[in-house]
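These notes open a run of structures that come right after.
In what follows, chain A forms one complex with chain B and a second complex with chain C.
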Partner chain A sequence: MQIVASGLTLGAMYAVSTIGLALVYGALNMLNMAHGAVLALGGYVCFYAMAVLGLPAIVGVAAAAVICGGVGLAIYHLAARPMLNSANFETQIFIATIGIGTVIENVILRLFGPQPKAQPLNLPGALHIGHVAIPLQNVLILAVAVAMMASVAWLLGRTRAGRAIRATAQNREAAQLMGVRIGRVYAQVLALSGALAAVSGIMISSLAGLLPNVGADPMLKAFVICVVAGLGQVRGAVVAALALGLLESAIQYAVGVQYSFAILLVIVIAALIWRPYGLFGRKQVVRL
Partner chain B sequence: MTGVRRDVLICLALAAAMALLPAMVGTRYVITQITLFFIWGVVVTQWNLVLGVAGIFSLAQMALFAVGAYGTAMLGYYFGWPMPLAMLVAALVTVAVSMLIGLACLRLRGPYVALLTLAIAQVIYLMVVNDTGCFTNPPSGCMPLFGGVRGFSRFGDLGFRAILGSKWFIGQYYVGLALLVLAVLFSILLIRGPLGLAFKALRDNPGYAMSRGVGQLKYQLWVFGLSAFFTGLAGAFYAVQFGVVGPIVFSLTMLLFLLAMIVVGGMGTIWGPLLGAALLMLADEGMREMGDWRDIGLGLILALFVITLPRGLAGLRR
Partner chain C sequence: MSLLQIDGVEAGYGAQLVLRGVSLTLAQGEMAALIGPNGHGKTTLLRAISGLVRLRAGTIRFDGQRIDGRRPDQVVAAGIVHVPQGDMLFAEMTVLENLMMGAYLPEAARRQAERLEQVYALLPKLRERSGQIASTLSGGERRMVGIGRGLMAGARLLMLDEPSLGLAPIVIDQIYQVIAGLRDAGHTVLIVEENASRIAEHADRLHLLDNGAFAWVGSGADLMSRPEILATYLGG
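Entry: the complex of A and B
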C-alpha cells in the first residue's frame, strides 16, 4: 500500500513533466533537452516568490508557470524557428537545447548558489488509511497532477487550439493547408510545455529539495518514459509514467534505491529492442 | 592531387610542426595543455565518424572513453599489468562494448539513439558512483570495485619519469601526438575509402543504400567498432597522462564540451572537429578565470553555432 502510494506520486510527477515533452515532440519533432533546466527554474521561481518575497503559494505557482511558459516561447522564437526547415532539424535542435539548458542551469547556479534549498510549498500532516500513513504532500501532488492531466486532456480534445495541435502533430503540411497557423501552434505548445515543467518542478522540489540540477534526473526519466511509450504519444506517456513510477518504487523497496534507475533502464532497453517504436508507437512504413 | 593524398600530406605537415613545438615552447603547462588537446582531438575525430559520417546520433562516446580509461586503471591497479599492454587490452574491451551498444540501438533512429546512448552512459556512471561496497581494503581505505566516487590513482605510468626525469611530460606529449596522427590518418582513410562511402550512403538514404546491398547491421557494427578503438586508446592515454581516473570523465559538462567541438568545427568533415577542438580549448583557456561563467559561455557557443552556422566553421568554405 505504501509502495503503491509513493509509486503513484512518483508516476504522477513524471507524467506531468512527460506530457510537456511528448507534446513538443508530437508537434515539432523536437526533443527539448532544456526541459530539465526549465523544471529547475520553475522550482526556483516559486521558492523566490514565496520564501524571499513572501507571496502566497498560489502566486508563486502562477509566477513560475508564467515565467517558464515565457522561457518556452523564447526557446521557440530564438532557437527552433530559425532552423525549422533545415534538413537535420531533429539533431540540431537537440544540440541547441542542450546548450540552452546549460545556460539556464548555470544562471540559476550563479543566482542562488549550489546549496540545496527547501521548497516552502509544503503541506504537513498525513492521511491515515487503516495503518498506512500517506503524507498530505503526496496527496496534494497526486491531486494537482490529476487536475493538470485532466485539463491538458480537455485542452487537447475539446478546444479549437487543441484540435490545431493534434492536427499539426498528425500531419504538418495537411494542417497548414487547412489553414492552421502552425507557427502559432508551435509557440503555444512550447509555452504550455514550459508551464507544465514549472508545476512539475515545484512538485519534485517539494519532495526532493531545490538544487540547480534538480531537473536533470526527472528529465532523463521523462525521456525514458517518452521513448518507452513512443515519442509524441501523449496518452501512452501518461500510462507509461504511472507504470514506471510504480515499478520504480517497487524496485526501491525490493532491491535498494541505488539500483532502481539502472534496473529501470535495463527494462527500457529490452522494451526498445522488442518494440523499437515504443509500446504505444505505430510502426512507420518507409516508402521509396 | 587526390583528396586522400592531400589530406594525408596536410596531416603529416601538421604533425611535423607539432613535433618541433616542444623545442620552442618549454613551459610544462603549455605542453600538458597541448597533450590534452591531442587526447580530445582523438576523441572528436572518432566520434565524428559515428556522428557526422555515419549520421548515427550516439552520445555514448564519453562512456567509451571512460571504459578505456577505467580499463587501463583497473588492469594496472588490480593486476599490476605494464601500462602499454593494459592500454591495448582496454582499447579492445572498448571496441567490444561499443559494438554491443551499436547492436542495442540498431533498430532505433535519430533522437531515440541519442536518448538510449545517453541513458546507457548514465547507468554506467550511476553504477560506478553508487557502488559503496568494498572490493579490496588497501591501507588507504575502502576501495570499491570500480573506484566509487574517488576513482583510481597510482596504477602505473609509461615509464617516462625513469628515462627523462623531470622532462617526462615531453615524452607523453610525443605519445599523444603519435596517437592523434594515427587516429586522424585512420579517419581520413575511412572517410575517403569504401567503408566511408557505405556509411554516408546509409546516412543519406538508408532505404536506397540497403536495396543496393549495403547492409545496415554490418556497417553499423563496423563504425561503432572501428571508432571505439582509438577512443578507448585515448581514454587509456588520458589515464596514464593524469595518473587519476575518476567519475568526472562521465560528466555532462565534458560531453558537452566535446560535442561543442564537433558542432563548432563542422560535423562529418575531416578537419572540422580538430579545428573545433583547438578553438574551444583556446576559448576555454580564455574563460578559465571566470569560474561558473565558463559553462554558460560553453552553452551559449553551442546554441549559437547550431542556430547560425549549422554546418560549422568547415561548412563556411562551401
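Entry: the complex of A and C
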C-alpha cells in the first residue's frame, strides 16, 4: 500500500512532465532538451514568489506556469520557427535546445546559487488509512497531477484548439489543408508544455528540494517514458509514466534505491526489443 | 469571369524547377483535369495553388484576388480546398472526426451539421462508418473520407489529386460516380488524373502537363481523336 501510494505519486509527477514532452514531439517532431531546465525554472519561480516575495502558493504556481509557458513560446519563436523548414530540423532543434537548457540552468545558478533550497509549498500531516500513513503532500501532488491530466485530456479531446493539435500531430500537411494555422499550433503546444513542466517542477522539488539541475533526472525519465510509450503518444505516455513510477518504487523497496534506475533501463530495453516502435507506437520511421 | 486564373507560374523544390511557366483559367462550375505522366508537375501545381509550395514566378488569382504567397490556411479560408494524394487522413481519428476537421474554419463550422448531411447523401457509406477509426478503413473508404472531408469546407474550388490512384476497378467506378455527382451539382473542380481516357468522359477540359509546361489543352473528345498524344504521353 505504501509502495503503491509513493509509486503513484512518482508516476503522476513523471506523467505531467512527460505529457509536455510528448505533445511537443507529436506536433513538431521536436525533442525538447531544454524541458528539464524549464522544469527547474518553474520550481525556482515558485520558490521565489513564496519564500522571497511572501506570496500565497496559488500565486507562486500560477506565476511559474505563466513564466515557463512564456519560455516555451520564446523557444518556439527564437529557435524552432527559424529552423522549421530545414531538412535537418530534428537534429538542429535537438542541439539548439540542449544549448537553451544549459543557458537556463546557468541563469538559475547565477541568480540562486548552487546550494539546495527547500520548496516552501509543503502540506504537513498525513492521511491515515488503516496502519498506512500517506503524507498529505503526496495526496496533493496526486490530486494536482490528475487534475492537470484531466484538463489536458479535455483540451485535446473536446476543444477546437485541441482538435487542431491532434490533427497537426497526426498529419501536418493535411492539417494545413484543413485551414489549421500550424505555426500557431506549434506555439500553443510549446507554451502548454512549458506550463506543464513548471507544475511538474514544483511538485518534484517539493519532495526532492531545489537545485539548478533538479530537472535532469525527471527529464531523462520523461524521455524513457516517451520512448517506451512510443514517441508522441500522449495517452500512452500517461500509462507508461504511472507504470514506471510504480515499478520504480517497487524496485526501490525490494532491491534498493541504487539499483532502481539500472533495472528500469533493462526493462525498457527489453520492452523496446519486443516492440521497437513503443508499446503504444505506430509503425513509423523516426529520423534522428 | 474566371474563378481561378494562373499566369506564368514557376515553382519547384530546392534547386529543381518543376513548373516552368504554367497558365490556366477555370470558370465557375467547370471541371478541368490535369493529365500527363508522373513527375511532370501535376501535384506540384495543386500544391502551389494551395500554398504548400512557394512560387518562383507568376501569379495565381482566385475570384480576382491574388492568393500566391498566402499561407495554406489563408488559401483554405479564401475558398479553395485541396484533397491531397494518398488520402492523408487523420489516422487515429474516427471518420466523423475527420469529416469535422474539414469544417475546421469558423465559417465552415457554423454550417457543419447541414454539410455533414450533404456529404452523407453523396457518400452514404460514410454514415455507416462514422464511428470507425480512419486507419482501419479500406482503401476505397479512405478515399471517400478524404473527398467528404474536403467537401465539409464548403469550398468554391475543389482540387482532387488522383482520387482513383491505387484502387480496385470496382472502387474506381464508385469514385467516378462521386466525381460525376460533384460536376452535376455544379462544383468547380480541378482534378489530377493519370487515367486520361477515364477522366475525359467527365471533364470540360483536359490540360496535358509535360516537363512542367502544358503540351496540349483540349476537350475529352479532342483527345480521343488525337491518338498520337495518347500514345506519346499516356501510354495508349
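One rule holds for everything that comes next: the second predicted complex is superposed on the first by the 284 of 288 C-alpha atoms of A that agree within 3 Å, B and C clash if a C-alpha of one lies under 4 Å from a C-alpha of the other, contacts with A are read in each partner's own complex, and residues count from 1 in each chain.
Note that in this section a contact is a pair of C-beta atoms (placed from the backbone, for glycine too) under 8 Å apart; a residue touches a chain by one contact, two chains touch by 3 or more.
Quantities reported herein were computed from a predicted structural model and do not represent experimental measurements.
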First (chain B), second (chain C), both or neither touched by A:Ala222: neither
First (chain B), second (chain C), both or neither touched by A:Val268: first
Chain A residues touched - chain C or chain B, whichever exceeds: B
Touched partner set for A:Ile67, first chain B, second chain C, both or neither: neither
First, second, both or neither for A:Ala241, with chain B first and chain C second: neither
Partner chain in contact with A:Thr91 - chain B first, chain C second, else both or neither: first
Which of chain B and chain C A:Leu31 touches, first, second, both or neither: first
Touched partner set for A:Leu41, first chain B, second chain C, both or neither: neither
Chain B versus chain C as contact partner of A:Leu8, first or second or both or neither: neither
Sites on chain A touched by chain B in the complex: 31, 78-79, 82-83, 86, 88, 90-103, 105-107, 109-110, 216, 220, 223-224, 227, 231, 258-259, 261-262, 265-266, 268-269, 272-273, 276, 286, 288
Complex interface listing, chain A residues touching chain C: 160, 163-164, 166-167, 170-171, 173-182, 282
Interface residues, chain C side, partner chain A - complex: 50-52, 71-73, 76-77, 81-84, 88-93, 97, 100-102, 104-105, 108-109, 149, 153
Interface residues, chain B side, partner chain A - complex: 57, 104, 107-108, 110-112, 114-116, 118-120, 122-123, 126-127, 130-131, 207-208, 211, 252-253, 256, 259-260, 263, 292-293, 295-296, 298-304, 306-308, 310
